[in-house]
Each structure stands twice: as C-alpha cells, then as structure tokens.
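Heads up, the next two complexes both have chain A, just with different partners, chain B and then chain C.
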Partner chain A sequence: MILRPDLDDYKVIGYYIGKLIVGIGLLMSIPLVMALAYGEMKPAVDFVFSMSLTLFAGYLLTLICYTKKDLATMHAMSVASISWVAAMFVSAVPLFLSGHYLSYLDACFEAMSGYATTGLTLVTNLDHMANSHNFWRHLMMFVGGQGIVVIALTFLIKGTAGAFRMYVGEAREEKILPNVIATARFIWLVSIVYLIIGSVALSISGLIGGLKAPKAIFDAVCLFIAAFDTGGFTPQSQNILFYHNIYLEAITVSVMLLGAMNFALHYAVWTGNKRELYKNIEILTLFITMAATLSIVSSGLVVRGVYTNAVSFVSKAFYQLISGHTGTGYCTLYSRQFVNEWGQLGMLGLTLAMAIGGSVCSTTGAIKVLRIGIIYKALRQDVKKLIIPDTAVLVQKVHNIKDIILDDKHVRSAAIILISYISLYLVGTIAGMLCGNSLSEASFESVSAAANVGLSCGITSPSMPALLKIVYMFQMWAGRLEFIAIFALGGMILATLKGKK
Partner chain B sequence: MKRLKFKILIFLFLIFALSLLTPNSQLMTCYAGTISSKNLIERANQIDGRRVTYEGEIIGAIMDRGEYSWINVSDSNNAIGIWCKSDMLKDIKFIGDYKQQGDILEIKGIFNRACPEHNGELDIHADSVKIIKAGFLTPQKFSKRNLKISAILFLATAFLMLLVRWRASWK
Partner chain C sequence: MRDKIKTKILAKSVLKGVLGIGAEILLTLVFISVGVVVCLLWWSIIK
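Presenting the complex of A and B:
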C-alpha cells in the first residue's frame, strides 16, 4: 500500500529547497562583484535584481516551510532532483536579462546545461557578452560539477543522516572520508587546488599564444572551470578554436582527464597510493574504451582522408575523442564539420565515446566506465561458469580503491543505470528525428545532451523547436542525476496522486 | 620533327588547361564576391585551397605571434581564424567585445579546410586585410526600473531573513 505524503513531508522538502535557493542567491554576489570591478553597470543591475529575487524566493520558502525535521530518503531524493530545476529557474534570470537569449526558455536551457555540466548552448552573440555574465555561465558549471547539494552540505546544511541521503540523490555514492561533510569539503579542496594550478598553466599558455594578461587570466579561469567540471562552455563563440594554440589544447586535455577521474582516486593518489592508478578498474576500462572508440573514429577519418598529417589528426580526432569521452564538449572543430567531414563512422565512434563517459563520483555524466567494467566482468564470469566444472566456485573481484567481490547486487545496479541511459539516449534520438534530423545527427546530439557532453553537430541552436529544447533539458537533468533521484520524485508524485491517507 | 614539336606544344597546352580545371589549383582561383562563414564551413571541401574574400567583425583579441598574428573574424554566423602578417593589423583600433563593436574587416586570402601548417585548422591565410568600417564604443544603459524593484526586493528579503531567524529561535 502506498501512503500519501502529509503536509510535513512537503514542508521538509520545501525548507531544504529554500535553503538551496538562498545558496544560489548568495552565489550571485560573485558575478556582481565582477561586474562592478569591470565597470559593467547594466550587468551589475541585472545581478542585483536577480540576487534580490532569488534570496526573496529562497527565504520565503524557508519561512513558509520552516521545520526542524530531518530528511528521510524520499525527501532527500526529492530535494536533490527538484533543487536542480529550482536552481535552473532562478539562475536563468540574469542570463535572460543580459539580452543574449531569445527567450526565457533559452536562458533556462543554458542554465540547465551549465549546472548539468553539459555545455550545449543557445547563447547569441557570445563574443559581445559582458565578462560578469560570461563568468556566471562558467560558475554554474563549477557549482554543478561539484554538485549543488555538495555546496549546500559544505556551507549551509549541518551534517545529518538526511544530508548523506541528499548527497546520494545527486549521483554521488562514495564517502571518500568517513563523514559526508568532510567528503564534500575534500571535493572542494581538490577542485580549488587544481583550479589554481590549472588556471596558472592556462594563463601562461594564453600569454605565449599572444593574449594580453587580463584576457589570458579571465579566459584561463573560465576554461579551467569548464574543463575540470567536464562542462564545455568557453568565453568565446568558437570554443577552443578561438585560441589557435596547441599548448592550450594539450593542457585542456590533461584537465579534462583529471575531471573524469573519481574523486576517491584523487584522494588515493594524493595520499600516496599511486599504484591505484595502474590497478583501478575505472582507469583500465577508460583506456580500453578510449582505444576502441579511437579506432572507430580513426577508421572513419582514414577512409575519408580527412586529415593528412599526424599533428592534425591528434589535434582534431584525438582531442574531440578525449573531450567526448570525458563528457567535456570542448571542440577544435566547427559543429557542421562532424557531419560534412567526419562522416557516419567517425560520428559513430565519437557518439559511443560520449555514451560511455568517465568515472563515477567525478564531474562527468553518461553510463560511466565503472559500470561498463562491472558488466564486462559479470559477462566474463558467466562465460567462465559454462567452462569450469559445476562443483567449482568462481569468485570475481573488481578493484576500485579496494577489492570488491562482484555479486548480483552490483551487476543489477549497473545494468539498471545502463538500461536507463540507453532509454534516455533513445528518447532524445526519436525527438531529434521527429524534428527532421537524420539518425546519425539526432543520436549524436541526443547522446551529447543526455551524457552531459556538449559537443554538437549543429542541431542545438536558438532556432531549434521548443519541444526539442525541452527534451534536451530533461535529458541533461536526468542524465546528471543518474535517474534514482528522479525515480524517487516520480514515486513521490505518484504517492501524492494515488496514495492512501 | 615539326609534328613532334607540335605534339609537345599540344601536350603542354593540355597540361596547362588541366591545371586550370584542378580544384586545388591556385591559378584558377580569384577573389570572387564575398563568401560567408556558413559557406566556408559547409562547402569546405570544394573551396579548400582557393583564394577567397571574407568580411566580418574582428572579435576577442589580436594574438601576436611575432611576424604573424592570429585574429578571429565573425560575420555573425561564425567566426573564422585568420593568419596574417602582424603589420597588416596595425590600423585596427576596435576589437569586438562587451564594450565595443569591432572594426569590420575585408580579408583576402587562401582558405584551408584543414591547414597542414596549423594542426588541421579551418582557416584563411590572409594576403590582405582592409578595414571597411570602423568600430565604435557601445553605449551602456541600464534599467532604472529594475534597480528600483531590486531595492524594494532587497529590503523585503532583509525583512524575511530576520523573520526566518526569529522563527528559528522558537523552541
């Protein structure tokens, strides 16, 4: 029997969402300060307006739903899923006021793309956007990459059992440290340390490439954020092509790979366990899937004779593959070059790489290499069982920070997420085809949205149908949260409609 | 002997004629009418290696690499990378960004679909760069109405914040 949630259940959800909205409002003070520093008066007013509106909404919700009750699993999952939508609505306000979006829906698309670290964009005239608005786009990626709930856990919410449930709801399962708050803070520590190192390296490469210091530094910070959080936004409309800089490309490849690694693996390496890099199932699977998808891409490009020398091949094919596989979406090609030059086989290889993604507990989206590794090991175990005597006992281990004995629970969990992602990829592909695109183009764009990648073959544009924008927004949201929180929200809605008192 | 010379002449003429028909030949190419970025990207295979004329606004920055520089020129649809001699850019005063509209340039040069010199980039190696329209500073205006609404909302938020604190102090 399903029980209908009572008023207290809604209040506890509303209270925590209110707190998260307050957090987003406070975050707007960063671009506001930047607008004042750069002398951008109109954007400054946009941010004062948006910040006031967001804080007002957040505090009002907190007051109306005030409670001291802790979060149960259902509440925590609902908070995790709704808070991303609420964050999207309030964060889209300054974007819409910037005048660079044709509609509020487009601004919401951009905000969801930012938070979900996708990188698909509907911005117009990006090259004339104010630095403060541009930084807001990247800041959303930083926040989304770490997780909105991780921020709240770090700064706003005291450690409770409900806090861990919310953390899990945001597609993060691993407690790197014994305490979830300490884990959230470690994630921030890793990100800030890499932010400083990465931004300095990118600034130097920008200066070598001929940029003046202020632009080199601003762009370096933005590029680092979007690379480490496997987002894909850039300050200029040409994406990485703008810089014409091989050093910058090489650094972004390293940062993208760091962003695709499990935070628990970062912790292991930081604490001296470097051997983990060679044993970890995620790293091994990542290399195998990269090699496999690179072979497909290479075959397609060689057959068509797209690139005539090795440096061009690495700068284009390898870069796009790393960008796609890590879920970043940085691009050294124009969108339509995928269709016009790469052809179907090249696009298929890249689509598969995007569909697989990076590690769990990282900033990437998609199915993730751990699940691919687990399903492969389970398949191998089943085949072995057919060969060995019936009386023999077969134990299959996987090594992810520690040795884990593979059982049906792990395989079931991996298979459910795998099937959910494939279904999500299909939904977007069908929607794309309904809007008149070919199968290869529709599947490429759909996987890019659902796997939170951000590479585009040209479908995503301000002129695409509103229905497709909404489908891609849903894909980005569901793909980032990895379904469980959304299934729980669906269950909550069902209980509200059909549950008994 | 005469016939042989005649045959050689015909043969050379044919080679010359064929070279004119070869798509990559730069002999046949010329600065025809202005081409858009959309056409450059969509028809890159056909235009590869030809001389083109391209117009647009210089955006972002001039990236000085010594004797040569990179600039990016946008025709509103896409921006294309232009590789040119640094001294061709000395008259540029406005580069497009939030605070200014960049100079509008006319670029004449060779288009490359996947430039072997620049890691496979789609670019134009400029023979000439001409400013055809000067850029300007963009006037900055902000909405006073939004500022007033913000002030009211800010006060209301401060009041709400106090109410939340007061509510939290209840036992």
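Presenting the complex of A and C:
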C-alpha cells in the first residue's frame, strides 16, 4: 500500500528547496560585484533585480515551510531533483535580461545546460556579451559540476543523515570522508587547487598565443571552470577554435581528464596512495574505451581522407574524442564539420565515447566507465562459470579504491543505470528524428545532451523547435542526476495522486 | 613541541598532496601519449 504524503512531507521539501534557492541568490553577488568592477551598469541592475527576486522567493519558501524535521530518503531525493529545476528558473532571469536570448525558454535551456555541465548553448551574439553575464554562465557550470547540494552542504546545511541522502540524490554515491560535510569540503579543495594551477597555466598559454593580460586571465578562469567541471561553455562563440593555440589545447585536454576522475581517486592519490592510478578499474576501463572509440574515429577519418597531414589529424581526432569521452564538449571544429567531414563512422565513434563518459563521483555525466567495467567483469565471470567445474566457486573482484567482491547487487545497479541511459538516449534520438534530422545527427545530439557533453552537430540552435529544446532540457536534467532522484520524485507524485491517507 | 609536531604533519600532508597532483598530471600525459600512438597507428595502417 502506498501512503499519501502529508503536509509535513511537503513542508520539509519546501524548506530545503527554499534554502538552496537562497544559496543561488547569494551566488549572484559574485557576477554583481564583477559587473560593478567592470563598470557594466546595465548587467549590474539585472543582477540586483534577479538576486532580490531569488532571495525573496527562497526566504519566503523557508518561512512558509519552516520545520525542524530531518529529511527522509524520499524527501531528500525530491529536494535534489526539484532544486535543479528551481535553480534553472531563477538563474535564467539574469540571462534573459541580458538580451542575448530570444526567449525565456532559451535562457532556461542555457541555465540547465550550465548546471548540468552540458555546454549546449542557445546564446546569440556571445562575442558581445558583458563579462559579468558571461561569467555567470561559467559560474553556473562550476556550481553544477560541484553539485548544488554540495554547495549547500558546505555553506548552508548542517550535516544530518538527511543531508547525506540529498548528496546521494545528486548522483554522488561515494562518501570520500566519514563525514558528508568533510566530503563536500574535500571536493571544493580539489577544485580550488586545480583552479589555481589550471588558470595560471591557461593564462600563460593565452599570453603566449597573443591575448592581452586581462583577457588572457578572464578567459583562462572561464576555460578552466568549464573544462574541469566537464561543462564546455567558452567565453567565445567559436569555442576553442577561436584561440588556434596548441598549448591551450594540450592544457585543456589534461584539465578535462582530471575533471573526469573520481573525487575519491583524487583523495586516495593526494593522501599518498599513488598505486591507485594504475590499479583502479575506472582508469583502466577509461584507457580501453578511449583507445577503442579513438580507433573507430581514426579509422573512419583516415578512410575518408579528411586530413592530409598526420599532425592535424591527431590533434583534431584526439581532441574531439577526449572532449566527448570526458563529457566536456570543447571543440576545435565547426559543428557542421562532424556531418560534412567526419562521416558516419567518425560520428559513431564519438557518439559511443560520449555515451560512456568518465568516472562516477566526478563532474561527468553518461553511463560512466565504472559501470562498463562492472558489466564487463560480470560477463567474464559468467563465461568462466561455463568453463570451470560445476562445484568450483568463482569469486570476481573489482578494485575501485578498495577491493570489492562483485555480486549481483552491483551488476543489477549498473545494469539499471545502463538501461536507463540507453532509454534516455533513445527518447532524444526519436525526438530529433521527428523534427526532421537523420538518425546519425539525431543520436549524436541526443547522446550529447543526455550524457551532458555539449558537442553539437548543428541541431542545437535558437531556431530549433521548442519541443526539442524541452526534450534536451529534460535529458540534461535526468542525465546529470542519474535517474534515481527523478524516479523518487515520480514516486512522490504517484503517492500524492494515488496514495491512501 | 606540540606545534612542531603539528607543523611536521602539515608539511608531510602538503608534500603528499603535491606529489599526488604531480602523479595525476603525469597520468594525463600518459593518456595523451596513448591517444597519439593509437591515432598514428591507424594513420600508418590505413593510409
């Protein structure tokens, strides 16, 4: 029997969502200060208005729903899923006011793309956008990559059991340290340390490439944020192609790979366990899937004779592949070159890489290499069982920070997520085909949205049908949260409609 | 005495962190090298 949620259940959800909205409002103070520093008065007014509106909505919700009750699993999951949608609606306000979006829906698409660290964009005239508005796009990506709940855990919410449930709802299964707040703070430490190192390296490469110092520093910070959080927004409309800078490309590849690593792996390595780097199942699987998908892409490109010299072939094929595999979406090509030059095989290899993604408990989306590794090991175990005597006991281990004995629970969990992602990829592909695109183009764009990548073959544009925009927004949201929180929200809605009192 | 021990522990942790960052950056360079080798392999096989 399903029980209908009572008023207290809704109040506890509303209270925590209110707190998260307040957090988003406070976050707007950063681009506001930036607008004032750059002397951008109109954007400053946009941020004052948006911040006031967001803080008012957040505080009102916490006042109306005030409660001391802790979060149960269903509440926490519902908060995790709804807060991302609420964050999208409020964060789209300053974007819409910037005048660089044709509609509020387009601004919402951009905000969801930012928070979900996707990188698909509907912005118009990006090269003339104010620095503060442009930085807000990247800041959303940073917050989304870290996790909206992680931010709240660090600054706003006390570490209760409910807080941990909310953290799990945001597709972060692993508690790196015994305390969830300490885990959230460690995630910040890794990001801030790499932010400093990466921004300095990218600034230097920008200066070498001929950028002036202020522009080199601004772009370096924005590029680092979007690369480490595997987002893919850039401050320029031509993406990474704008820079024509081999050093910058090499540094962004390293940052994308670092962003695709598990935060638990960072913790292990930073505390002296360097052997984890070559024993870890995620790193080994990433090596194999990268080599396999790169082989498909390379063979497709060489057969078509797209590139006449080896250097440009390696740099283009490898860069796009790493960008797709890590779920970043940085690009050194124009969108339509995928269709016109890369052809079906090249696009297939890249689509597969995007569909797989990076590590769990990182900033990437998609199925993730750990699940691919687990399913492969389970398959190998089943094949071995057919060969060995019936009485023999076969134990299959997986090494991810510690040795784990593979059992049906792990395989079932990995298979559920795998099937859910494939279904999500299919939904977007069908929607894309309904809007008149070919199978290869529709699947490429759909996987890019659902796996939170951001590479585009040209379908995503302000002129695409509103239905497709909404489908891609749903895919980005569901893909980022990895379904469980969304299934729980669906269960909550079902209980409200059909539950017994 | 206690301060000295604390400083020593902190210095050790910082050193471990720095070496860890170095190891991770080295790993990304290994990824890049493997990627380049795979690309060149296909280039030489099919071309």
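Definition applied: the second predicted complex is superposed on the first by the 501 of 501 C-alpha atoms of A that agree within 3 Å, B and C clash if a C-alpha of one lies under 4 Å from a C-alpha of the other, contacts with A are read in each partner's own complex, and residues count from 1 in each chain.
In this section, a contact is a pair of C-beta atoms (placed from the backbone, for glycine too) under 8 Å apart; a residue touches a chain by one contact, two chains touch by 3 or more.
Everything numeric here is computed off the predicted structure, so don't read it as measured data.
Hey, is it chain B or chain C that touches more of chain A?
Touching more of chain A: B.
For A:L321 in the superposed arrangement: first (chain B), second (chain C), both or neither?
second
Between chain B and chain C, whom does A:V303 touch in the aligned arrangement: first, second, both, or neither?
In the superposed model, A:V303 contacts chain C only, not chain B.
Who does A:S295 touch here: chain B (first), chain C (second), both, or neither?
Second partner only, chain C.
Between chain B (first) and chain C (second), which, if any, makes contact with A:G272: first, second, both or neither?
In the superposition, A:G272 touches chain C alone.
If you stack the two complexes on chain A, which partner ends up touching A:S254: first (chain B), second (chain C), both, or neither?
In the superposition, A:S254 touches chain C alone.
May I ask you to decide whether A:F313 touches chain B, chain C, both, or neither, giving the answer as first, second, both or neither?
It touches chain B and chain C both.
I'd like to know which partner A:I388 touches here: chain B for first, chain C for second, both or neither.
neither
When the two structures are overlaid on chain A, which partner does A:L97 contact: first (chain B), second (chain C), both, or neither?
A:L97 contacts chain B only, not chain C.
Please report the chain A residues shared by its interface with chain B and its interface with chain C.
Correct list for chain A: 313-314.
Show me the residue ranges of chain B that touch chain A in the complex, using the header's touch definition.
41-42, 44-45, 59-65, 69-70, 72, 74, 76, 78-79, 81, 83, 96-98, 101, 113-114, 116, 118-123, 138, 140-143, 146-147, 149-150, 153-154, 156-157, 160-161, 163-164, 167-168
Would you pull the chain A residues touching chain C in the complex into a rising list?
193-194, 197, 250, 253-254, 257-258, 261, 266, 269-272, 274, 277, 283, 286-287, 290-291, 294-295, 298-299, 302-303, 310, 313-314, 317-318, 321-322
With touch defined as at the start, can you tell me which chain C residues reach chain A in the complex?
Residue positions touching the partner: 13, 16-17, 19-21, 23-25, 27-29, 31-32, 34-36, 38-43, 46-47.
Quick check on the complex: what are the chain A residues that touch chain B?
40-42, 44-46, 48-49, 52-53, 55-56, 59-60, 62-63, 66, 97, 125, 127-131, 209-212, 215, 236-238, 241-246, 306-309, 311-316, 332-334, 336-337, 340-341
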